[in-house]
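Structures for review follow.
Shared between the two complexes below is chain A, which pairs with chain B and chain C, respectively.
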Partner chain A sequence: MKKVSFIVLTAMFLVFLIGFTGQTMAAESSIVVVVDSPPRMMNPHGSDADSNLSVMANFFDGLMQRKGSDGTLEPALALRYEHPDLLTWTFYLRKGVTFHNGNSFTAEDVKFSFERLSDPKVSEFINTGKNISSIDVIDEYTVSITTKDPTPWFANNMHQVYMMDKESTESRTVGEVQQVPIGTGAYKFLEWVKGSYLKMVANEEYWEGAPPIKNVELRPITEASTRFAALVSGKAEIVSGVPVELYEKIVQNPKLDVISMPARRSIFLSLGNKPEDPWSDIRVRKAMYMAINEDEIIEKVMRGHAFPASQIPDPPTIGYNEGIKRLPYDPEMSKKLLKEAGYENGFEITLTGPNDRYIQDEQIAEAVVRYLAKVGIKATLDVKPKAIFFPEVFEGKLDFYLIGWFDGTFDMGRTFFKLIHTRDKEKGFGSLNGANFSNLDVDSLLQATASIVNQDARKAVLQYINKLATAENIACIPLHYQEDIYAIQKGKGIKFQPRPDRWIVFKEISK
Partner chain B sequence: MIEKFSKSKIIYHYLHDLSAIIGSLLLVLSILSAIFAPMLVPQNPYDLEKVSLEHFLTPPAWMEGGSAQFPLGTDDQGRCVLSTIIYGFRTSLIVGFGVVIVAGIFGVIIGLFAGYYGGILDAVSMRLADIFFSFSTTLIAILMLGLFKQRGVLIVIVAICIADWVKYARTMRGSVLEVKEEAYIIAAKATGANDLRILSKHLFPNAIPPIFVILAVDLAVAIMLEATLSFLGVGVPLTEPSLGMMIAIGKNYIYAGMWWLVLFPAAALFLLVIGINLFADWLREELNPRIER
Partner chain C sequence: MTTYIIKRLIQGVIVLLAVSFICFLIFRSSGDPAISMAGQYATFQEIEEVRKVFGLDKPFYIQYARFITNAIKGNFGNSFVNKVPVLPLILERLPATVELAVSAIFIAFVLGVGLGVLVSLKPYALRNRFIMAGSLVNISMPTFLTGILLIMLFGVYLNILPPFGRGETVIVGFWRTGFLTLSGVTHLILPAFTLGMYQLAVLLRLTRAGMREVLTEDYIKTAWSKGLSPMKVIFKHALRNALIPVVTMTGLQFGELIAFSFVTELIFQWPGSGNLLLTSIYEQDQPVIVTYIMLAALIILSINILVDILYAILNPKIRYD
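Moving on to the complex of A and B:
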């Protein structure tokens, strides 16, 4: 009797075991990814923050997409496009694409999606939307878009303008659209608990072929040390935003691999130039630049995980100018320049910045304030959460602030209009020129670039503008390019290649 | 004679109460170090010209890589941890005493008038107190700090006071209601003394003792509250020393193995608060006539 029960128990145990292994095998193509910033909503036009666009790239597709480690522009929902004159863009759409609800993707959806961009209630792509004068459906798979102003970078932006289903977006309320995404993307929406997790499953009918990983769970964890704990305990397989202070610990951990990649984003200090301020004097601007020991910031504050920058754009961006060099760190020269300008005893200035946006943002700002103090400039530090800081930039209330930037379209024309063109609320220029930098030469040259389509000519003009603004007028004090650091679990066969825009696109990951 | 007797009794009790001695020693020590901070510390951590990233994250002196220049190590900006703690005491005690004095005076005046006059004044001020009582003090302070655009020690004091005056007002009112019925007050009224004289000469001195007990306990509460607010990033600005802020900065480095950034300021805060509490306990027993020793 005892023997029988033993056999039964063993058999039950074995069945149990097999059941479990079966389960683990099924779960093999699933992955848990931890990111540092949560998505705000599931409406693909509702937020132009990278943290949101990155997530939306899995549910939706744009007319174009960016692929690989260099971010080359490739066709997505449009097979190709034509740009017959300065204002017209004609897109030829891919046939046979369906949305997650079974509706097929046609030119009407494209028209609808672009029209939606200019509705401030559901879109943060207002500038793109307002710049469109007409959208003509030529046939079911051809759309022609006419812009109001010449916009040479129009197609470059098409990877982040996502196409929505006209029928299901119109039939649902705004609130429902914000909760449940219906796109053409490689993954279908499963469940979202705001601030906690987002689950998605592979779209087996995806036009590019079904993605290799079937189940994805995205967990946003904003606290750096909690993110680290999730990684070390094995709860997460890929973690983005590894804090630099924990880098050494993660490298030493035999279970983890660390992947780092130079980021496109540069960190710089925007500096206004209102004539009444001491810092409108170019000598003072140079003195402030030369007072900052950027090499020490990179070595100590960034733990070596950053690269010195001499300008805002990164090398692949049109307008990057190799000829611009960093001013050397030279506190003696800095003091001399201040003396020449008549500010031997310094002056007072407030350095504003976010404390929850960029890698070590608060610490960088603190270090800058100290460098300035050493040459006699009394800088007050005013760091605050990004939710308070960014509105202040938009309102143009600041004098001197730390901010980061990279241009998703790889064309500085668009960026310079926002960052260094004189503020002009009506025309939407200088919307992010929070310190009111103004230079009329820069403005007029920038306006001239809008109608230059020839890439070589654009490049030459934008490089010149860059030099004029950054090197000759010190519109900003560039600091460094960040480095994106990811950690992945070793030995699970995860293949992951970071992207220059820091998005995590799950169809590019395999296991 | 009587005065001399009671004085010696207090001293006698004090000398025979170990926790009172330890508590007061800790308190006096931290007050002295806060006052003489500039003379004591190896480095003024908030003199922007002195601090340098060169020495960032140095471990405590007895560890490998440590330096005698920084006995308890440095933080991620190269500030000496020991010096920052001593300067942090300054902020803690300024906020603590500031709150106790301002909220105390304000609360006592409201309680005195509400208790003595009663009526509409009493009803309004006490319902207001009820409203404040039903929220956590931390929450009220955070809300207040949200309203102020600026950051600074003074703002923190004001924010904590707005949340904190209730205790004093309530206690004082209760005490006044009790004393008000005493024969000597009625006698004073019968002699035709005016309200001002009754309030200041008779009511106030006899109703105030319970407040002293709250004062001592509240000092510790205010210090903890300042540390909490600064830890949460809504207290004093980054450029001012604060124990709570040090702990907040240090918590990012716990996993990186740099424990000294958190442990020392946390221990300092613990010792300061426990010192005040031990002393407050003794004071309460001493001032409470109902406890016979």
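Moving on to the complex of A and C:
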């Protein structure tokens, strides 16, 4: 029958198509990298999400940059900086650097870029921008920036603040600046098809020398199993955000290499201490801490892909205190402490948390609720999308919640002001202290750190604050550091060292 | 007919208004976009300032009224995340979704009607029973699972079809098409099958039911007894009459395929507007979400009206007045 022949023809056509699908071999110095979240825009100040900053790091440079597996701060567009008094930062710029459009990079561009930070229409770095009181161009290659408040971590943040070309940013429309980046970076923009790919090509005139990989194709794939398929079918050379559920499968695959490293982000449970609440009693706080079996959470919920944390900062961060140890898991002791505090029959508490933000966030919260139930504490689970959860943290409406944090400046000063300083709307402190933890000693010490510039002195004070808050007052119950997992194609000679901030900076990759 | 169309158009406008109002209401009460727009380290005052700049400090009804008056002028506002006008942002992604939906409905129609006719001729043959059972599986299997299974089978184990993305595309005017390159077409096969699978099963069952009914009619018996060729009886006499509800269904489903393609787009990382919707929901980009939903409602409404009109043309017995 004719219909049958139609089906046969269709089938033949399909086979014909399939025969041609063998992907063309990639050229020697090109690479396809798959990431888990798409870049939002090509405006380097428009998003402070690491997923966007990571992409922007290839088109733009900051005054400083972070390198290596421990994120050391190194010069980039500034050769060096001086910090003559508490409020002033003087940057001496690199000479002979040009933007991708040929314009040369000068102090005027620096001034322009910093001024742009405080405009909410184009920037999410409003906090950095509004903290600047004046920017003085001393000569073509020297800029002096004065901040309103002492900001000891100012230079530490300079790897995230990218320098833009004044001329081409002003002459183009806002929409165009959002779509086509013109920076000084190691790669030049080629094409961005939203949701599909972002293509870039090496900047042969790069001030640090041309990068080894000439063509880069960045492909976002949001769905984890599709990322896995892209990797296994050989359509991608480096994949970040390998899901823990698929880890075993990838390790077993002879064509793939897995690289993992402890992530900077720690996951912890913030706990308030309003006097009327049972958990303002330090014995109750300790009991809650000791009731949680973190080793089991790592083994069962995180499938082994996490590292126990005893505090919020990670080891390279100023303020990390080696002396702080985790309280042991000891439900008996926990019950005893509750009895001493007069809560033998437990109490009720609500554990809030996001369900779309951190690895296994909802499952971790579920596990915590079960552990607390074992010692008699009736915790109610209240997980919700991050879009609803984070505003609640900002409004300070919570008692007990799961959250994760790491500080891009590698200095806990800024973070502690947000997370554990008493909420103070006026001064803007404690905006992420959602459970209203308050300790006046912590507050006054923290305020004192604002004027400590000497790195050793800062370290000592921040370590002490950390101990006072985490170990002595249990402002939070630390759980674990996440693990970043990457997979790469084996046997292609790809040299790739993950960074602590999870950025993928293509000039650091070679093959 | 004309009064009917005018009535439908007025209804359509009311529906659109209702949709926009409900969307607005839902998204205004689900989180505060100013917090993420101000950046992680913003202070309370800085967040307040951002709220003012974007007009989010105004009461709900003022924000809604402003949105509607601007929308009538064709201005749907700027995205909170990208800070560029929303409508071009969505329209830029629409060709990918339309091409996917067209391919899906094409596959569903050709295979659905073809197999439906085949099955109706010998309903109790073993092969046809298998086809019917298979269509039940199709209807009950979630798109998500179908997609992942197809990717794993054809994209990973057999490695004969690309597992994700849209392949090479060509820009014709404002339209970025994947139809004109081999890579574009091969990238279409898996997602189009996944998206059209459910529709295929529905059309198959509908065609089969229609055909079985028509085949028992007297005029078909007459046709057979006249000694007409099977092709003529089946396709010219029977199928033509059985096709009316199938065409209606196909039309109605097409709108839904465009509006609800986001699951398929997510699995295959298809760069269409559905994928944009999901990213926007995740990032709380309210202007994009509201505009997308209004656009989807508009597409479905227009297709429904068109189908009604087509139905009247196909079947002159139908009168709407």
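Throughout what follows, the second predicted complex is superposed on the first by the 484 of 511 C-alpha atoms of A that agree within 3 Å, B and C clash if a C-alpha of one lies under 4 Å from a C-alpha of the other, contacts with A are read in each partner's own complex, and residues count from 1 in each chain.
The criterion applied here is as follows: a residue touches a chain if its C-beta (ideal position, glycine included) is under 8 Å from a C-beta of that chain, and two chains touch if they have at least 3 such contacts.
It should be emphasised that the depicted structure is a prediction, and the values quoted were computed from it without experimental measurement.
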Fit-or-clash call for chain B and chain C when the two complexes are aligned on chain A: fit
First (chain B), second (chain C), both or neither touched by A:L246: first
Per-residue contact with chain A, leading partner among chain C and chain B: C
Which of chain B and chain C A:A230 touches, first, second, both or neither: second
First, second, both or neither for A:E366, with chain B first and chain C second: first
Which superposed partner A:P220 touches (first chain B, second chain C, both, neither): second
Touching partner for A:F394 - first (chain B), second (chain C), both, neither: second
Partner chain(s) touched by A:S144 [first = chain B, second = chain C, both, neither]: neither
Minimum C-alpha separation between chain B and chain C after superposing on chain A, in Å: 5
Set intersection of chain A contacts, chain C complex versus chain B complex: 225, 229, 385
Interfacial residue positions of chain A with respect to chain C in the complex: 1-3, 6-7, 14, 17-18, 20-21, 23, 38, 40-41, 43, 46-48, 120-128, 130, 174-175, 178-179, 193-197, 219-223, 225-226, 229-230, 232-235, 356, 385, 387-388, 390-391, 394, 414, 418, 425, 427-428, 431
Chain A-touching residues of chain C, taken from the complex the two chains share: 30-32, 35-47, 49-50, 53-54, 81-85, 92-93, 96, 114, 117-118, 148, 151-152, 155-156, 159-166, 169, 176, 182-183, 185-186, 189, 231, 266-272, 275-276, 278-279, 282-284
Of all residues in chain B, those that touch chain A in their complex: 48-49, 51-54, 56, 76-78, 151, 233, 237-239, 251-257
Contact footprint of chain B on chain A as seen in their complex: 224-225, 228-229, 243, 245-246, 248-249, 293, 296-297, 300-301, 355, 362-363, 366-367, 369-370, 373-374, 380-383, 385
